[in-house]
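Once you scroll down, you'll see the structures, which are given as structure tokens.
Shared chain: chain A. Partners: chain B in the first complex, chain C in the second.
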Partner chain A sequence: MMGTELNKRWILTNSQQRDNGSQLLALTAFQDERIVAHWLLPDGQCRENAIAVTAGAFPSLTPVLPQVSWDEREIHDLFGYIPNGHPDLRPLVRTPRWPDAFYPLRSKFEQPIPWLDVEPDNGDQRVTGEGVTIMKVGPTHAGVIESGHFVFSIMGENILHLDLHLFQNHRGVEGHLEGRRLAEVAPLVSRICGADTVSHQVNWASAVEKLAGHTIDQPLAWRRVALLESERILSHLNDLAQIPAGVGFHVAHQQALAMKEKWQRGMHSLFGHRLLFDTVGPGTAAFFDPDALGRLIHDVRRDWQSWRALVLGHHGFQDRMLGVGIVRQADAARLGAQGVVARASGLSFDARSVMPLYQEWKVKPAGEVSGDVAARFKVRLEEVETSWRLLQDVIFEVAKMPLPSFWQPPEDLAGDAVAYTESPHGLNAHVVSLKNGQVVRYHVRSGTFRNWPLLTKAVTGNAVGDFPLINKSFELCYSCSDR
Partner chain B sequence: MSRAMKSLQLRHLDAGSCNGCEQELTALTSRYYDLQQYGIDLVASPRHADALVVTGPVTDTMKKPLEKVWQAVPESKWLVALGDCAAGCGVFQEAYASHGGVAKPDLVIAGCPPRPQDILDKLNQFRLGQG
Partner chain C sequence: MVWLVQLVAIIVMAGLAPLFMGIAQTVKARLQGRRGPSIFQGYWVLAKNWKKETTAPEFSSWVFLVQPSISLAAILLVVAMIPWAGMVAPNWPHNLLTIFFLLALERFWVGLAGLDSAGTFGGLGASRVATLGAGIEPAMFAAFGVLWALTGGTQIQSIAEKVSLLLWGLAVVSYGLVLVAELGRLPIDNVDTHLELTMIHEATVLEYDGRLLAEAQWGMALKLTAMIGLGWVWLSPAVPSLWMNLLLRVLEVAATSVGIGWIESRFTKLRYFQLPTYLAMASGIGLLAFYLMASGGLN
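So, the complex of A and B:
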């Protein structure tokens, strides 16, 4: 009876949290048979709910909170805990090559792992019936893209259903982080994803600082804002270059690629790395010359103005984006869309509006409502300009500030913490558990993980020839979600 | 066989990269580098390729697809490890689902990720039989 009451409360509390307008940061399983849901409240506070895993199972939240469907499937694959009542427990990360009872995050296992000598393909979900064709794409692709496998059910030109088979890039990052000492973590976290690296690094640094009860000073906070916004510009320039490529608009593609290259060269000379790896750690952030950043912005913005006029004034390009790949607001809300995808579909959440790092600015989320490729393109345009304005504020202030004070975390740091940032791909959360200065559990929940299921909604009913365009308008990194 | 070639056609395969190497490889197609002027290009099919460029530490799920794509590249063929992960010296070599990079690459382009100019220089030297 007790158990049933607890189960009911778990479901009720979490669905109420969602109804209050809170954002789910992460649903995390632990080796000591606990599941914890971390929520970000509208006022910026974090709240956690926990439930014990009983007899290897816990009540599934998916029926009332569909956005956690993948989280629970992942927990099932990596821990073997069963989410009771989950409507679709097909493997997500696990492949037929995994040995029986191999639950990589639940317990220690023999090394090397005795992978079974079979194909890694899981069964797929198809539409059947007269006139339906199955088109399989991947896992390897014709261009320079990350690996992922897509199974399209199509009729004529129209996509009836897309079944995603991702996690080809599952390296075992979370398991690899376990047992690391504090000093070993930052280089690994920095390489979870090449497109959201600063966001991941800031999360790790904030989690450690939170556990140590250390408040960072203004000079350090502003340097981190400079890095986060520089990364947003870098990532958005990349995505803005790829969208025109999706419709063969090569002038716009090449010009945006050139802006990105100019920005990356600037990042290298300012912060020491073209993609901003290894720039943030507990108590630190890369030193940079504010005047040089100002000159870089001035230079790239000149290119930006003419490029912006080119893409906005090209009616053919605009027409190709309108009404294509629509994500409905109801789907976005139900499946927990994040970042650009959410803000292009009328959900006006941007974690920067509640992040303590950004308290000086009160960043207003970009907002479009049409939910199509055009909306996602416009949101990125607007966000690049916001980032430039933020950076100019930072440059002005940082130039007057002293150097950040020196701080190092205690070597025997312990405890549980959750940290989050608004990455270029949306809300990015890390759940960190430390014991005696060592990682016991490290869970990463990126914005892309939430957005992948929405891609399947966006493409349904569209022409299969528009898939590259729609896909590029999401531009989801696989590495962040596969880990 | 001598490796000096007029052109070098590459097929890329991601085997668990963080997408850093992909971004830098893509940069070679921009006007700053313009890899085609050296007779180097990225092709869509392994059947058209002289060399397979692999990124990432070779995740278990990509191990078989990698073998298949490699078999589809016609002889003579070369294997290029792009970046520290594929080269076997990245940070995720020992992760449980990683196989620690590619076996016996003909060309290693180290770096995390390597800079586009380094990638281009190494590929071009390799094309000229100097690598």
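So, the complex of A and C:
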């Protein structure tokens, strides 16, 4: 009786949280049999709800909060906790090669687990009927693309349904982090993915600082802002370069890649790494010369202006993007769309508006309402412009400031913390649990993880030939999701 | 003498075909701000593939294995039939319908082999090739028919003055539209993509490798040469020397390859569902020219 009450309260509290405009940061399972939901309230505060796993099961939130469908499937695969009432509990991460009752995160495995000698295919969701063709693409692709397996149900040239099979290269980052000492964590977190790495690093750093009760000084905070915005520009330049490639607009594709390369070389000489790995840690941030960054911005921005004029003035290109791959606002809200995808569909949330780091800088979220490829393209254009301006303001201030004071976290840090940032691909949250300066649990919930299911919504009803374009307008990271 | 020039022309054009392809690719690379591969890259690729082992998909039949040779032979015959020197050699086969059907034959086999490999992309490509073919053929028939009728199949020389500029313009425009569609160039198809889902012609040759792939690639280059050459044979003013004529053709095809590279850099690929509109326009313009000609465009 008591259990049912708790279950009802778990579902009710979480759906109320969503209804009052909060963002779900993460749904995290722990080895000590509890599930915790972290919410980001509209005022920037974090709140957590927890429920105990009883008899290996917990009540599923998916029926009332469809955005956690993948989270719960992942928990089911990695911990073996059963979300009671989940409508689609097919394996997400799990492959048929894992032996029965092998749950990688439930307990520590000293020996490598022997894999079963079976085909690695999980069952797929497909449309059946006369004239329906099943088209399987990947996990090996014709270009240099990460590993994803896509099962399309098509009729003629129309996509009826798309079933995603990601997690082909699951690295078990969360498992690897368990038991690590503080100093060993940053390099691993840095390499969770190549597109949102600074965002991941800042999350780890602020989680540690929060646990130690340390407040970073302004010079350090603003250097982190500069790094986060540099990463946003790098990532958006890349994503903007890929969209024209989807329609054979090679000139715009190559010119944008050249711009990105110029920026990336600048990143290497300014921060020491082309992808900005190892630039932020607890109490630190990479030192850089503000004037050199200013010159780089000036230089790349000149190319940017002419490129922007080229793509905005190209009728054929604009025509291809309009009305294609629409994400309806209702779907975006229901499935918890993040970042560019959300802001292109009329949801104007940008975590920078509540992040403590950005207190001094008023960031107005970009906003489009049509939800198509054109809207996502425009949102990125606008965000790059915002980031240029923000960067210039930041380096103007940083140049006048004294050098930041660096800080070392205490060796025996302990406690639970949640940290978040607005990565180039959306709200990125880390849930960190430490004990005696060692990681007990580390959960990463990146922006792309929530956007993948929306891709299937966006492509349904579109032409097969438009899929690459729609996919590129999302430009979702596999690495962040597969981890 | 005409025989000799024609034989030399066939060898020269067949040999230069990969170079014309290379010219278009180099122009595209430069317009994209890249240096791009060598202009002779086509030859290295052909040589490499020619030496490689050939494999076939598990469930494919002889159709898959013979297609590249049949298509290549069909295109070679088209190249051979074109009066490159502006004059038809005595007893040389020279027939518009034959050229037309040879091109259709190539399309038919490409589609068949695409289905034969039993891959989804091949099937998708075959379906698209066939669908487009249904639109390309009437347009090609109209455009080719008008130009053939106006020139007697060789050159414009004498009748040029009798024909109105409008008629010429319509015929040339419809020919240009057909050319881009038949060669699978932007804005119809993208020869430089790795995106399987967007491919039209490329999807039908995805499964090929080794010598068969080399044959398919050479066939594509030959088709480019033949289609452009055919237009110039009809449109170029006559030059007295046969050899000069041949030289002019080479230069004209090379110049048109530059033009194709330029056009491909200006356009994005059209939506697949918009292609019928493009082809209807090509057919419409061609038919209009046909009507003008039939109803007294020749005065």
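Here is the rule we use: the second predicted complex is superposed on the first by the 482 of 483 C-alpha atoms of A that agree within 3 Å, B and C clash if a C-alpha of one lies under 4 Å from a C-alpha of the other, contacts with A are read in each partner's own complex, and residues count from 1 in each chain.
Throughout what follows, a contact is a pair of C-beta atoms (placed from the backbone, for glycine too) under 8 Å apart; a residue touches a chain by one contact, two chains touch by 3 or more.
Because the structure is a prediction, the values reported are computed rather than measured.
Asker: Should A:Arg301 be classified as contacting the first partner (chain B), the second (chain C), both, or neither?
Answerer: After superposing on A, A:Arg301 lies clear of both chain B and chain C.
Asker: After the superposition on A, what does A:His214 contact: first (chain B), second (chain C), both or neither?
Answerer: Once the two structures are laid over each other on A, A:His214 reaches no partner at all.
Asker: Please indicate which partner A:Gly248 is in contact with in the superposed arrangement: first for chain B, second for chain C, both, or neither.
Answerer: In the superposition, A:Gly248 touches chain C alone.
Asker: Which partner does A:Ala258 reach: the first (chain B), the second (chain C), both, or neither?
Answerer: Touch partners of A:Ala258: chain B and chain C.
Asker: With both complexes overlaid on chain A, does A:Glu119 touch chain B (first), chain C (second), both or neither?
Answerer: A:Glu119: touches chain B, not chain C.
Asker: Output check: A:Gly143 vs chain B and chain C. Expected answer is one of first, second, both, neither. What do you get?
Answerer: The answer is both, since A:Gly143 touches chain B and chain C.
Asker: Counting touched residues of chain A, say whether chain B or chain C comes out ahead.
Answerer: With both complexes superposed on chain A, more residues of chain A are touched by B.
Asker: Looking at the overlay, does A:Val464 come into contact with chain B only (first), chain C only (second), both, or neither?
Answerer: second
Asker: Where on chain A do chain B and chain C both make contact?
Answerer: Overlap of chain B and chain C footprints on chain A: residues 142-143, 254, 258.
Asker: Which of the residues in chain A come into contact with chain B in the complex?
Answerer: Its residues touching chain B are 95, 97, 104, 109, 111, 113, 115, 119-120, 139-140, 142-147, 167-173, 175-176, 187-188, 191-195, 197, 238, 254, 257-258, 260-261, 264, 268, 274-275, 277, 477-479, 482.
Asker: Touching residues of chain B toward chain A in the complex: what are they?
Answerer: Touching chain A from chain B are residues 12-27, 29-32, 42, 44-45, 56-57, 59-65, 69, 90-92, 94-98, 112-113, 115-116.
Asker: Considering only the defined contacts, which chain C positions touch chain A in the complex?
Answerer: Residue list for chain C touching chain A: 28, 31-34, 120-121, 123-124, 127, 186-187, 190, 192-198, 264-265, 267-273.
Asker: Using the touch definition from the top, list the residues of chain A that touch chain C in their complex.
Answerer: 133-137, 141-143, 156-157, 244-251, 253-255, 258, 314, 316-317, 319-320, 463-468
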